[in-house]
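Pasting the structures in now, so scroll down.
Below are two complexes that have chain A in common, paired first with chain B and then with chain C.
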Partner chain A sequence: MDVMVVVKESLHARPAAVFVQAVLDSGQAVGIARPGGAAADARSILSVLALDIRSGERVVLSGGSRDVLDRLAGVLA
Partner chain B sequence: MVVTAPLTGVAVPLQGVPDPVFAQSLVGPGVAITPVARVQTVLAPIAGRLVKLKPHAFVVQGETGAVLVHLGIDTIQLDGTVSEPIAAEGQLLAAGDPVARWHPELVIEAGLNPVCPVIVLESSSRVVQILAEGPVEAGAPLFSWT
Partner chain C sequence: MIIEGPIVRLRRVRRARPLSLAELASSLERRASAFSGDAAAMLRAQAMMARDPVLHDRLAGLIAAGRPFEQALAEAAASFGVSHQDVGELVRDALYEPASTPHPGYAYVLVADSLSVADMMRVDPAEVLGVVTAEGGPTSHAAILARSMGIPYLSGYAVSPELDVIRLELPDPSPVGIAPQRVPLLANISSPADLALAQQTGAEGVGLLRTEFYTDYASVAAAFEGKPIVVRVLDSGARDLGGRDLGGRDLGGRDENPLGVRGIRYLRARPSLLDAQLASLSGMSVSVMAPMVSTVDEARWFRARCARFGITDVGVMIEVPAAALCADEILAEVDFASIGTNDLTQFTLAADRQIGALSSYQDASHPAVLRLVEFVADAGRRLGKPVSVCGEAAADPALASVLIGLGVTSMSVAPAAIPAMRRALWGLGALGEGA
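Showing the complex of A and B:
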């Protein structure tokens, strides 16, 4: 299961922390990647910050259930 | 592991940072420094690799954890205008090595808060032991975590 989302706010420290906390709260192992790129562990703020996703970029969330991925996409959109 | 102060100023509890995500330790536990309002050389708070260097923040990843230094609140909007890099992303640093020149006085001029959260990322413990309260010099012990 993959969900693609256009990121509204660049994933710098604060929004990345909010997103990672939402992933941790879901209890699922979710990955985040640029389209076609290697997935980073979305439970790791270090991994998410290292991706350096900018506002307006598309990312792919993977690995979780449909409803969890949709909810996480909503956090980013 | 001891984290040293990346800059000179006044150490304040994270709860005092005017940003709920930092204040509630959602990014991670740590301590903040209200910087002395003059140009400062910002130092690496731990030894390790400079895995991320942005004009408003950087992350040093050491052997037992990573530390984020965020240069002011909402300063992403000033990107590039108030800091100049000294170190390069990917570089290995000793604790206390210079990372960037930064102008907190220009952050204040722009109407933003220059307080700098110094945060442990992905710490297994949610608490740190504070080693400095009040005035702190760049390079002096700030807090430790296990």
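Showing the complex of A and C:
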């Protein structure tokens, strides 16, 4: 199950923390990647920051249930 | 704005035992709870990094491979390729601590190569005139924290080690003002965390103590000794009475009805509640005000009730248009008024503020609301009585400048809004010395 989303706000420390907290709250192992790129563990804020995702970029969320991925996409959109 | 004073330098020493990531994380989380807004979000983000599961795995792997802790931590942090200040701060705070917490007993300018959040948390905002660091920028964590503490922060300047005293001229409007203000900036307090933050951000008093949520009067009085403290007596509704007054009469209305038995109406139905509260405030140097007053008679009744307990500085909230339009008569009965713009707006525009579909009506800058504010401020000026504002409108810097222009004599806002407000008021020249 993959969900693609256009990121509204660049994933700097504070927005990334909000996203990672939502992942942690879901209790599921979720990956985040650029389309076609290697997935990073979305429970790891440092791994998410290392992707350096900027506002307007597309990312793919993977690994979780449909509900959880949709909710997380909502956090990023 | 000029910052001038003796220099105190921050020195660091290596810890006898490095802190673990878990220890760092819990200490950051503890600190976060004392802050709100940007500062709290940033501390939480940093705590999250200290708890990062991938960082922990890599650290454990490097230690298992025989690396000493210090080297393993530095390598694990660097492995993310994130040139992120948080990671560097974590590593440094794990290994080093300030040589001593600087409390020289006089006001000083803090000088350091760089400052972490932990360093910034140790200083007493009352003692620090300003901070100068060689590294870091205006968006560094320590700078964000300094702003929320009301401390001017200048980065990118190495201070010669020979200097003992420094004089800095900061551009105006200054990033943060520390001068006394012509329009005092007070804090709305609903919790111990609010109280702590209000002290850190340099609130000049308490403009609204919400006693529905927080009644530790002694702590508030101790924290703001010698400064104005305005206690609003219980602001509650008919629901809490089980819908009936002492005589068993139905008080009517649905739960939380904004037009129902609330505020002073509720207290008149249950005067023993008010008396108990006034008794516990008796003898403290605080001002007391009543919520949701709409008639002269209510103001007079409240003043008389307070007098029984020797409480002499008595005011009313102006939240109801009827009270605003009778401001002269009501202010003649009491010592001060505080305008609650949230309720005043909902009543003036006849739009329940709990109803999301009506949120566009909850606009305190509506001309009708501003005319009422001006009307009350004029009455205060005529009678020589202070008129403050303690609603959300006071925390909107643009609207606050309008309110001050209309003649409001003090503002009370959420503690987290104080630094931004102070900057805005500084720009207006509404602050003291620089004005």
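Definition applied: the second predicted complex is superposed on the first by the 77 of 77 C-alpha atoms of A that agree within 3 Å, B and C clash if a C-alpha of one lies under 4 Å from a C-alpha of the other, contacts with A are read in each partner's own complex, and residues count from 1 in each chain.
The criterion applied here is as follows: a residue touches a chain if its C-beta (ideal position, glycine included) is under 8 Å from a C-beta of that chain, and two chains touch if they have at least 3 such contacts.
None of the values given here were measured: they were computed from a predicted structure.
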item	value
Fit or clash between chain C and chain B when superposed on chain A	clash
Which of chain B and chain C A:41 touches, first, second, both or neither	second
First, second, both or neither for A:59, with chain B first and chain C second	neither
Which superposed partner A:72 touches (first chain B, second chain C, both, neither)	neither
Chain B versus chain C as contact partner of A:10, first or second or both or neither	first
Stretch of chain C, among 114-122, 204-212 or 330-338, that runs into chain B once the two complexes are superposed	114-122
On chain A, positions contacted by chain B and by chain C	13-14, 17, 21, 44-46, 49-50
Chain C - residues contacting chain A, complex	38, 41-42, 44-46, 48-49, 52-55, 77, 80-82, 84, 86-87
Of chain A, residues touching chain C in the complex	13-14, 16-17, 20-21, 41, 43-47, 49-50
Residues of chain A touching chain B in the complex	10, 12-14, 17-18, 21, 44-46, 49-50, 52
Touching residues (chain side chain B, partner chain A) in the complex	19, 21-22, 26-28, 51-52, 54, 56-57, 59, 61, 66, 68, 70, 76, 119, 121-122
